[in-house]
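Each of the next two complexes has subunit A plus one more chain, namely subunit B in the first and subunit C in the second.
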Partner chain A sequence: MRIGRPTLKLQKRVYLSGWRAASISILAILVALLLFSLIFLLAGINPLTAYEEIFSYAFDNPFGLPITLNRFVFLLLCTCAFILPYKAGLWNIGMTGQFYIGSLAVYGVLLGLGFRGSEPVNIAPGFVILLMVAASMVSGALYGAIAGFFKGKLNTNEIVVTMMLNFIAFWLVSYMIKEGGPFMNPGGRGESFEMAASLRPPTFFNVPFTIFLALGFAFLLYFLLKRTKLGYQIRAFGLNPTAAEYAGVNHVSIPVLVFLLGGALAGLAGYHYFAAVPGVFKIARNYAFFGDLAFYGIICGLISQGNPLASIPVAFLFGGMSVGGRYVQGKLGMSFGVDFALMGVLMITLVAFQFFYRYRVVFSNPQKENPDARILD
Partner chain B sequence: MQEFLIRSLDASTIFTIAALGELIGQRSGILNVGVEGVMLFGATLGFITATTTGSYMLGFLLAIAIGGLLGLLHGFFSITLGGDQVVSGMGIWILGFGLTTYIGSPFAGPLGLPRIPSVFGLSPFFFLGIALTAIVWFVLSRTNLGLRIRSVGENPVVAEVSGISVTKTRYLCVVTAGMFMGLAGAIFSLDYNPVWAYNFVMGWGFIALALVFFSMWNPIILIGGSLLFGSLWQVSLNPQLLLPDLMSRYIWRTVPFTITLVMLLLMSTRWFRTKWGATKPEALGQAYVKEG
Partner chain C sequence: MQQEQTNNGGRSRANQTRKGMLTNLQRGETLLEARGITKRFPGVTANDAIDFSIRAGEIHAVLGENGAGKTTLMKILFGQYQPDEGQIFIAGQPVDFKSPLDAIELGIGMVHQHRKLIPAHTVIENIILGHPNAGAVLNLSRAEDEVNRLCEKYDFSLDLRAKVWQLSEGEKQLVEILKALYRGAEILIMDEPSSALTPVETEKLLDSIQAMAESDLAIVPFITHKLPIVLRISDRVTVLRRGKVVSCIDTRDATEKSLAKEMVGREVLFRVERTKIERGAPILEVENLSVRSDKGFIAVDQLSFSIHEGEILGVAGISGNGQRELVEALAGLRKIEGGKITLEGQDITYANALHRWQAGVGYIPADRIAMGSIGDFNLVENTAMNYYFDEAFSKRGILDFKQIRELTTELVEEYDVATPGVDVKARTLSGGNLQKLILARVLSRKPRLVIVDLPTQGLDVGATEFVRNKLVEAKQGRASVLLISEDLDEIMSLSDWVAPIYEGRFMGKLPADSTPREVVGAMMAGIELDKQGAAT
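Showing the complex of A and B:
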């Protein structure tokens, strides 16, 4: 492929080193922020002031930082839920639905153990917390596995399936928490009943223990993908399913497995946001806001190029930026949805930058016989 | 009941037009999973234009134009850059979702214009939908252009050798596809449901995407699917009309999505595929890089 006449040439990358990928990703983020400045300019706001407000609130503020950290845990879980199927060449955009189902399971456990209204004394809180975590993960996993199973068995389009599951889960939550649903708040405010105070998990700087779980899972996932036979099979399946099948990789169990594990992580995010983050402890009325934030997981996953360790700083950055975006929206009097707009701009910039992960731009000298010789010099 | 039938036809029209766009693109080998995003853009920008200028015509034109532009963008990513079509489609969807949330929220609320007059008791877009389907069917199956489009979608290498420009044909299709989706979005926000709210297309774009798979890439079958889903959507909104007190109204809202899912699974079974010979365009979703 040639652009211009002899001076600029595109070369397909054979190998992309981690550092090169990271520098492309950083460049993509910077370009996205530059593009996003337009939105601030159109709103009559100096972009530098706006970014300063965003970053200082998100990362250097006693109120903002814990929110950022909690958002970070949520995003990291959603990102990992996206990454694992992505490595197998599959698109899990059902983090939202898995997150909803995970939260429903948590409140199902509470309802089942009789924690609605009164507090049973004979159950140890630690045990209930364990049960809630397990329930959120198992239910999220099973919900995710639906898409994986049908992908493997019938080769249905997993994007449509997970999206339909998202909408189904969305209305299920509405059913459960509104208008006489089983989890309805006695006050009838369109939200679920509150979790008993004794079940609130210990927090460190207002961040619950789920941060360690999320970080642990990111490391485990990295290890799984890089160092185990299963991880190798997943990657092989992602690169070429037909070839992988000839090599003995099962075309049903791999999709099921990646969606099962991914769904578990997204389900855990449900426990994290609605039963562990200080100040919430119920399925909030605006649960769709949290659900839609899960789509940031797609962006974090793509920008970290499917590397779970790289996704840790990325999720932290984007967690902070979404929190800061919401903050400047109120502070600078912008209209609703600055954080979602930022998500959109980041995503489309990233799509454009996919090109640079695959190609490099080479300046070549037309006088020389071999245009690549200069690079070798 | 009559109201219910009219609303069902209105909804079907929107499904039909959006899915027709996607069908044109897919017949040329380009998969655009961002239908929802294009619809959101068309709906929101059309709504804003109409409410600020007071002109429906301008609203529709702008929606079609933005749809075409997004189609062009998708074409640039997936044809010129040869990138992953799913990544690009996802990008367009998330861009649409994110940006329209921000752009539209100052305009949240009703449109504030007199309703578009009906023709023979039906929305004029119903007739437009029928006409567009007939045109698309005719062009795809009876004209030289249609043959070109289909051959590019089945086997671009052979098409190129026989003198068809794959790039040009595909660009033509993605841009037309985008215009259809933008128009569908504008019909949604200007005629069907003229009240702007956060993420108000509510998954119609994804259902339209699934409809294309159901239709086995045939515009005539597509109409049948759209009618089914249009009325299903209306039932889910007003369950008391048909089956009062059967389920909570929130459970009813899941029904269109559940049926989409079940249909999609049914269509994917080997039994169905062998019986009906449903085959997707051979080169769907694959980038084409010209030799040399």
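Showing the complex of A and C:
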């Protein structure tokens, strides 16, 4: 790039500090919001008012904040489910399916124990909750492992397999909860039966305990990747499978393992949203909305560059925007889809700004003998 | 905007007037001159005030170790990089290359070391790819006639309708040369021209280069370590060291020793001291080993041999005779078809790669980048490749990175790996330094069996000497070494025993000190020992 005499040059970065990465991301968010203002302007709405509404509802409102937090937990689990295979060089596009299967397993447990509808529960509720959590994780894990197994054994494309598994899971849920299905709601509203009130889990400010699980798993995942033998093998396999195999890393067990663990986390998201978030307690009619939201795990995972800790604020932001966007759409009478449009613009801008993770802009004056360059970061 | 367009128009007009200017030049006139070329990268000055010139009909070799700045200079001459300071002149006119397209337009051609060809396409299709006259509808027969004329002129023989994947390395290189010539190159930059070629192909290539120079083309081969080639073909040689030109002399005034000294900055010994160790117990025993290649053919055919303690067995052969399959089978990376492998009496035929590392096998692969290292890992993490499974470096599944870091620092020191620190990524290391790191990592485990595949391929003289000495040291440490090499000098100077390999079989196992080179050379080509005797 050359503009007149003094030149703007791109220089490759040798090193990127965490703070620099964070400040680049914040700049990207501001630019995204600036870009999205155009949409508000086109709709004849003052962008400042709109953003005030969005942010205050999503992050500073007794109704909005719990929804944001619940979405955040959901997104964080899906993000971690994406990150682990991603670190092994594999793409988990199947969080949606693993989430569906996890949800089904939860209601399968209830049905199996005979707790259909609001019948009284005669087993310790804590034990049943534990069972539901375990079932969601195990089933998600096994469903995820299908893709990992085929990848490791037959080298099939894990993206295609997980995508197809998503469709299977989607229709399976539909079969189970709609009229005539084993989980159908007696009222026949195209949703599953409701979980007994006594099985509602403990909440903190309207947010279930799963928030601690999700945060704990994010930290655990970070530690696993950074410090453990297994994490080292996963990272080696992800960066150079041939070299990893040379060093004795098993090319079958690593794909299976990362999809097992990833699937478990996405499965847990099923328990979280359909059996723990206050006010839901059933597989909702609009379950596909959450299935679509699960794809944002990919976005959050890529934006945080596979770092589980960095994905915490990212998932929080996207959770908030999905809530605030939907709210402002109704409040200001805008047309359908503001929430996903807002997340889309955010995503594109954040990804585009990752360019500056690798390059920096150097402003230099060629007339000087020694170009003592001023650096615009 | 308006102004920029006029500028662009002006520039391309200027280039057009210059386009023909190289063709009218007479033999001996300066075609290209680079003055004071400086290129800095973060933390390093890759090229420091380099002066370089090339005349019509001249072969001007650029010689330098890995990391001396050859690649940077090459990329600047070809327009891939823009120099921070300095100027390039073509026929006396200053020029700025914005991209390789500018360089190509002015008559500079590039022959890459790693071939940039499309294997599934034919030779002629590859040659016209991206050619401005190719047109929307291909006129292959016209192009074929023109390329055939070029082939006749320089005495190349090549089937233009063959698919590129069917060609040998030497033929592929010819395609690259033809591609550049067909685009009108007057100056041909060649990156490591003979690195992937067999001796016979190298001879052919050198003849072709000389034929081209006689037709007034200027040729600039960039060479890392093959000094005899420099001496044989070039008219002048420029030696680079640490980004600077240390000398630019007529080749007739140079010797192998003097060039090596200029390159490395000190005297280099070309021979490694052979040491005899008392023959110990057998370490590796292989019985009737058969292995298939990727394509399913038998690549290693019922091979039986053993290597004793303190012994180097050199497997000499032209690549593709089963060497790769043999080492991968021994390292546990390839399924074996039949036979038995024993290490110190322990049957490891069905042990996986990890178990073999733990049992005392140390494997140094030929491909340092694709297999031997992980480019995005730093040096500590790369060292961990051979230590992560070691009980001493982990506790309950948690790696002790502090200890691995200490080990890496020690190894970097001991093996003289040139690096700013252990936190840099492995991809920033030059080939020689990367090989030293891999060697350090593997040999520090004190393996009982060392398998080394092409240990000095692509390395400069200094690093080559170092690597060879380390292998001898391992032998003195009573390890047994299986050395695979295409370099007969390397095999003959390092090994105790030589086993020429041909089509998956050893042609014999001969004592290295009493077998003439020519005999081994003939056996590599598949001629059996007794038949050689009959012929002479």
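Operating definition for what follows: the second predicted complex is superposed on the first by the 337 of 377 C-alpha atoms of A that agree within 3 Å, B and C clash if a C-alpha of one lies under 4 Å from a C-alpha of the other, contacts with A are read in each partner's own complex, and residues count from 1 in each chain.
Criterion: contacts are C-beta pairs under 8 Å (C-beta built on N, C-alpha and C of every residue); 3 or more make two chains touch, one makes a residue touch a chain.
A quick note: this is a predicted structure, and the numbers were derived from the prediction, not measured.
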(Q) By the touch definition at the top of the document, which applies to A:N157: first (subunit B), second (subunit C), both, or neither? (A) first
Q. Thinking of the overlay built on chain A, is A:I348 touched by subunit B (first), by subunit C (second), by both, or by neither?
A. first
Q.
For A:I298, using the defined touch cut-off, is the partner it touches subunit B, subunit C, both, or neither? Pick first, second, both or neither.
A. first
Q | Residue contacts with subunit A in the superposition, subunit B compared against subunit C | A | B
Q. Taking the superposition as given, does A:G181 touch the first partner, subunit B, the second, subunit C, both, or neither?
A. first
Q: Name, in rising order, each residue of subunit A that touches subunit C in their complex.
A: 11-12, 14, 227-230, 232-233, 235-236, 239-240, 242-250
Q) Residues of subunit A touching subunit B in their complex? A) 1, 39, 91, 93, 150, 154-157, 159-161, 163-165, 167-168, 171-172, 174-175, 178-179, 181, 288, 292, 295, 298-299, 302, 335-338, 340-345, 347-348, 350-352, 354-355, 358
Q | Contact set on subunit C toward subunit A in their complex | A | 41-43, 331, 333, 352-357, 363, 365, 370-377, 381, 384-386, 388-389, 394, 397-399, 401
Q: Using the touch definition up top, name the residues of subunit B that touch subunit A in the complex.
A: 33, 73, 77, 81, 83-84, 86-88, 90-92, 94-99, 101-103, 105-106, 198-199, 202-203, 206, 209-210, 213, 248, 250-251, 253-254, 257-258, 260-261, 264-265, 268-269, 289
